[in-house]
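The same chain A turns up in both complexes below, where it pairs with chain B and then with chain C.
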Partner chain A sequence: MIADALVIGAGTAGLTAGIRLAQGGLRVTVVGTGEGCLPLASGTVDVLGYTPDPVPSPLAALPAFLAANPDHPYRLAGTGGLEQSVAWFVKTAEPLGYRGELARNRWVPTVLGGLRPTALVPASMAAADLPAGGEVVIAGIRGFRDLHPALLAANLSQATSGAAAIQARAVELDWPGSAGDLPAFRLARRLEDEEIRRRLAAQLRPRLGGAAAVGMPAVLGRERAAEVHADLERRLGIPVFEIPGLPPSLPGLRLFDCLRRALRAAGGRLVLGSTAVGATLGKGGVDSVTITQASRRVDVRAGFFVLATGGFPTGGVVREPDGELREPVFGLPVRGPAAGEEPFGDEYLAEHPLDRAGIGSDAEGRPLGAGGAPLASNLYAAGAVLAGGVPWREKSGEGICLTTGWHAAEAILGSRREDAA
Partner chain B sequence: MSMLMETEGLSVRPSLDGCIKCTICESACPYAAVTERFPGPKTVGPQEERFRHGPLSADWSVDYCSGCGICSRVCPQDVRIAEINSRARAQLKEQRGIPLRDQLLARPDWMGRLGRPIRPLFNWAMGTPLVRFPVERILGIHRKAAVPRVASRTFQQWAKRHPSHPAQDRVVYFHGCSTNYFEPRLGRMVVAVLEHQGLAVDIPPQGCCGLPLQSNGNFPAARTYATRLAHQLHRSPGEVPVIAASTSCGLMLKREAREILGVEDPALVDIAERTYDIFEFLRDLHEQGRLKTDFAPVELTAAYHAPCQQQNQLIGKPALDVLALIPGLKLVELDRDCCGVGGTYGIKKEKYAISMAVGAGLFSDIKQTAPDLVLCDSETCRWHIAKATGFTVVHPLELLHRAYGGH
Partner chain C sequence: MTEALECQLLVIGGGSTGAGVAWDAALRGFQVILADRGDLATGTTGRFHGLLHSGGRYAVRDPGGARECARENVILRRVATEAIEDTGGLFVTTPLDDLEYADRFLAACPEAEVIVEEISIAEALRREPRLNPRIRRAFAVADGSIDSWKLVWGCARGAEEHGAKILPYHPVTALVREGDRVVGARLHDLRGERDVEVRAECVINAAGAWSGQIARMAGCEVGVRPGKGVMVAVNHRLADSVVNRCHLTGDGDIVVPSHSVSVIGTTDTPVEDPDDIEVTPAEVALMLEAADALLPGFSRSRALRVWSGARPLLPKTAAAAGAADDRAVSRSHSVLRHRERDGVAGLVSIAGGKLTTFRLMAQDTVDAVCAELGTERPCRTAETPLPGSTGANYYRLPDHQREFEQGRPDNPIICECELVSEADLLEAAERNPQVQIDDLRRVLRVGMGPCQGGFCAFRTAAILHGHGEYERAEANAALRAFVQERWKGQRPVLWGQQLRQARLDAWIFQGVLDLEHVPS
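Let's turn to the complex of A and B:
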């Protein structure tokens, strides 16, 4: 297998880099062990939510945040790169109708009724940016285990206070289809049937009272989600918003579908189920990366390589039994707690030293080798494999992946233009 | 890659410990999406596998897995979900017996051998509702399911008389049952295309790979078939590549016979490592600058569907890479996972409707694209798609053969 660019990792960062490179005219192959992070993600674009104080405007907060965290992956593309990559994303994911702005975080309900900050949401969550003081109905489905409306509504009412208090009222609906196990993916598919929607809406409508909006589990369709959402809003007469919960996450899956299509439309190739296990370096940088296939390993040659394998949770960084941290494809040095140092904090939700583990990179996003210089001129890194960010605490996951994936692609396209000139 | 998989995935059952219950496999499963009879690959796979110890532990829902393997491919933890399910199905069949129908469907070579002497009658009967109704009632083969036509002359008969091509570089051609009994024309085209590259093609006498036996739960017979085939192909001298144009049978040789059936015969291990899908092989030739590119223009629009077992080889879509070299040809990549037939799955009376529901998206994409031809590397998928859509569905090699001036 030969490609102009091989992207290792099929999550948000890998797909972003892959699509952008393919749009730039390169023959791109993206390989991933599996479906990556998107089916587990909420489908929103979190950019910067806590520093650790709540962030009203990611754009306004970024300069001070970078000054305090000079190694953060956001340093690579800066504010300008963040704006450009997010604008590119909104265009690329156009069918999902993302909205929002970097200048203002929205506070959207979680499945437990908390509120969390995010910058952009798909159209199906547009109404989740709840107006202060209004009443919302949280409509769950009896038998669906992943969203409990009474719990959600009670917590949501407590999460807000004073003039901003939201009156949340729980409603439980009977599923109009056949009984039995109701996982999210099956509900989503059944809701693409107009008759099911009609019967569900007929149950809900008389119970809406004066509610300004209705929140529902994020199961409102997969392929025809836009149609499902619009139809429910029409039948109910008020805005409907999805509340993402446990995986599999339909908003994340829809985004994965959308990005996969964008990659294909740009001529790129996606190979899932294949893992990168090693690399060969030559005089000109990385010659090839070894990937697994059904019965053998093959070396994929390419002009450029993008490492987007994620951090410790996804195997982009591994910790050996002796405590040593290792990057398994290129053997890059990993920044993080050294062998012998405690990798975890005292409490589950505390900050853990391992959270910041990752590889270092130069200003172009090229991973640093053992000597502190870039390992190869044609190798770039993107996403959570980069050291310095703590996405789950900062609420910066999608922002980091988008901006570094986009930045790596721009750097590659730029170096090709230089070569051509 | 998890440490468990360091041996290239040969430890199927222990891989379930890697399952983090993320449910990505269930949301990707095209069968669980359309039928509640199949609760999903995680549920019947890594989850129920922990309870499968005694003789009564397997339940029928695992029989509603088609074995498409999408779950294993999308699993970020490299859990061998489809393989766990395949083994559980075999355990179920071992306990409760395999119905006569499944015994028959599992042996395409029998159908070919029995059908050939009475070919006109067989082909007529299989196309006649008057016969298909009682066949459905008695055997449980759905009356609308696509059944191939038996050819008058087997591919092996042709190969025996085909003069050997004088060339130094050799390949072994593993043609499979379908090419031998139902589509010998495809086999002749494969040989012509390979010979056009200046290769000598060895076609040893060969039997079934055992895949249909495996997917119908008869592991002992499947092991015998796979091992016998490996020895038949192994007889050809040297470390020559083995070329397969049937993607599911090719994958059987490459991985499934070892991983699912646990065959560790040295001949099979050797063959597995040098088996190539025909387009994988041709793409390699092209990348080495050795593929003949004397193509005549083919002014057609062709829509390509990559079958599951082709995608499970993890080689990308080499048919598209190679066909893109043909001038005039407009290729449309159909972006659907599974056509629904799952080998012999969709032929069965109780599963036909599921099969059609799984394929509905693909069928509607094909109708919307309205191509001159539909391309698909797997025979059972071709028959199923052709029957469901009315479009002509051919192996992508046919177009390459045509571009080289073949008829």
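Let's turn to the complex of A and C:
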């Protein structure tokens, strides 16, 4: 297998780099073990929410944040790169209607009823930017175990958005049809049936009272989500917003579907079910990467490689029983707690020394080898595999993936232009 | 405000010993109150490896203790069947072990009434294909796997059915003395936030590793020395039988199948404070390495969690001091009548022992109490099945799955790892008002599987809130407390796949739920 560029990892960072490179005219292959991290993610674009103080404007906060966190992955693309990559993303994911701006965080409800800061949301969550003082209805579905409207509404009514408290009221709907377990995928598929929507809306509408908007579990369709959402809003007569929850996440999967299409449209290729397990280095840098395909191992040669395998949750960085940290594809040194330092603290929700672990990179995003110099001139890294960020605490996950994926692609396209010149 | 209660016997400690005493005494017609500082079976009892001893472990070095285990094993299989999985056990001589010990073992077992049968290596490997193929001898024994929580609840429920009152989350703040007599205890009701004064004809100190602390409240001594034992659970049943190293004694020489996991244990380190038993990475490494001698590859499987318990060890000198003035003489446990030891009447302590002999310990204790009170009432626990065990059916892992499947489809699943349904959750919560999620974990095993609560903890808190068990703030606090509690057991084994899982959980709790910023 030969490509101009091989991207390892099919999450937000990998797909961003892959699409961008394909749009730049390269023959791109993206390989991924599964559907990346997207089914785990909320489908929002989190850029910077806490530093640890709440951030009203990611754009305004970024310079001071970078000064305080000089090793953060945001240093690679800077404020300009963030603006460009986010603008590019909104255009690329156009079918999902992402909205929002880097100058103002939106505070959107979690399934637990807190408000979480995020910069951009898909159209299905646009109405979640709750007006202060307004009444909202939280409509759960009996049998769906990942959104419990009573607790959500009770917590949400304690949260403050701006000056006045939100008034949230819980409603529990009976699912038309069978009772019992109603997993997210099943609900999403069934909601694409107009008759189900009619019956659900008929149940909900009389219970809306004077609510300004209604929040529902993020299960409003997959392939035809836009239609499901618009139809429910029409039937209920007020804005409807999805509240993302535990994996598997439909908003995340829709984004995955959307980016996969964008990659294909740009001429790129996506190979799922393939895990990168090793690499061969030559004089000119990385020659090839070994991937598994079914039970075979295949060497993929390419001019450029982008490592976007993610952090610990997706296996991009591994910790051995003896505490050694390892990057499994290229054997890159991993920056983490010092030898002998406890990797974890006592308080679960506090930051742990291991949280910022990852690989180091130069200003171009090229991973550093054991000697401190880039391992290879044609290898770049993007996303959560990079050291320095604490995405879940900062609420910066998608921002890091977008900017670094975009930055890696720009660096590769730039170096090709130099070669051509 | 102080509430006043009266009873004949106040039992302090809701582990297997205290619950066993309450059950035994209630069966004999005593009015009993049992108090524990936390939930039942949350001390040493809930923190052991889950082994029902055949006696084989002690046959060579302590034939008396082995005989007690062998006899109690037979009795418990009759009266506590619900809590027991009849796994059977093997003693195997690994290449690291002395072959000569196997002969001593085989000779010692019959003397100690331990039923043993030597089987061929091929037969041992047929029974347990993951066994070290280089073992040189193998012996089958009647070890079992026992769920100490079920056992304790069975005792507590049985005691309640016979009029006992069970007070969890009621730590003792003082023993009440009148002259040279203990006449009761002051308790603090942690959930009602009030004091309770209990007057009793006799107070039974069944606080295990904490019994020294209780005795000191009456100016008495109990010579218990807490001994830390470390356990590691991995996420598969790598063997369906209990597997023991056939050697005299050592660290990490028993692997017990427990529900859907395998547990390797244990160590024995003296500690000053039974509450200070943190597990070190070196101890985890030691356990995993030792397990490989029995089941090669054990250390490469996914370690789920780690815990440690504080054994209530009774040094020989203390045991002898107790035995001198006791009717109940045992090698492994001792009933101490403080009237005779310290001149303090109305207080009896039970020290030492092990879970397998808990019933005998209770019998000896209540016998001593009868003597203290000048009454004679025969023990009935050896013939009376615990509630839940009257059908005489052992617990079997697949039964739970079958029951669960029968309850569907109108019964949403809350914990996929351990197959816990919403109905199970609500039923358990109804039985235990003011329940914490960690209490439900012990009842239902919710949060015990590979994800360690990543998915089910949020659901549990929200469902209990939705059904009025929790106020809003209580639900948030319960969720926070549970994830913090689970974190303690995971920390020492976070590498490989389990770290990956733990990071996914962190993604859920921090990234998706933003638990940190939810209003309290």
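In the analysis below, the second predicted complex is superposed on the first by the 414 of 421 C-alpha atoms of A that agree within 3 Å, B and C clash if a C-alpha of one lies under 4 Å from a C-alpha of the other, contacts with A are read in each partner's own complex, and residues count from 1 in each chain.
Just so we're on the same page, a contact is a pair of C-beta atoms (placed from the backbone, for glycine too) under 8 Å apart; a residue touches a chain by one contact, two chains touch by 3 or more.
Note that this is a predicted model, so its numbers are computed, not measured.
Looking at the shared chain after the overlay, A:245 reaches chain C, while chain B stays out of its contact range. In the superposition on chain A, A:181 makes contact with both chain B and chain C. Of the two partner chains placed by superposition, only chain B is touched by A:269; chain C is not.
In the superposition on chain A, A:25 makes contact with neither chain B nor chain C. Between chain B and chain C, C contacts the larger number of chain A residues.
By the touch criterion defined above, A:40 lies against chain B and chain C together after alignment on the C-alpha atoms of chain A.
Contacts of A:392 after superposition: chain C is touched, whereas chain B is not reached.
In the overlay built on the shared chain, the residue A:56 is in contact with neither chain B nor chain C.
Looking at the shared chain after the overlay, A:277 reaches chain B, while chain C stays out of its contact range. Once the two complexes are laid over each other on the shared chain, residue contacts for A:237 go to neither chain B nor chain C. Common to the chain B-facing and chain C-facing surfaces of chain A are residues 40, 178, 180-181, 247, 314-315. By the touch criterion given at the top, residues 1-2, 5, 8, 22-24, 26-28, 32-34, 36, 39-40, 72-78, 251, 253-255, 272-273, 275, 283, 287, 311-317, 333, 335, 361 of chain B touch chain A in their complex.
Of all residues in chain A, those touching chain C in their complex are 40-42, 46, 50, 110-116, 143, 145-146, 148-152, 154-155, 158-159, 178-182, 244-247, 311-315, 318-321, 323, 343-344, 347-349, 391-393, 395, 397.
By the touch criterion stated above, chain C contacts chain A in their complex at residues 281, 285, 288, 299, 408-414, 422, 455, 458-459, 461-463, 465-466, 472, 475-476, 479-480, 483-484, 486-487, 491, 494-496, 499-500, 503-504, 506-519. If you check the complex, the residues on chain A that touch chain B are 1-2, 29, 32-36, 39-40, 178, 180-181, 183-186, 189, 223, 247-248, 253, 260-261, 264, 269, 271-275, 277, 291-296, 314-315, 328.
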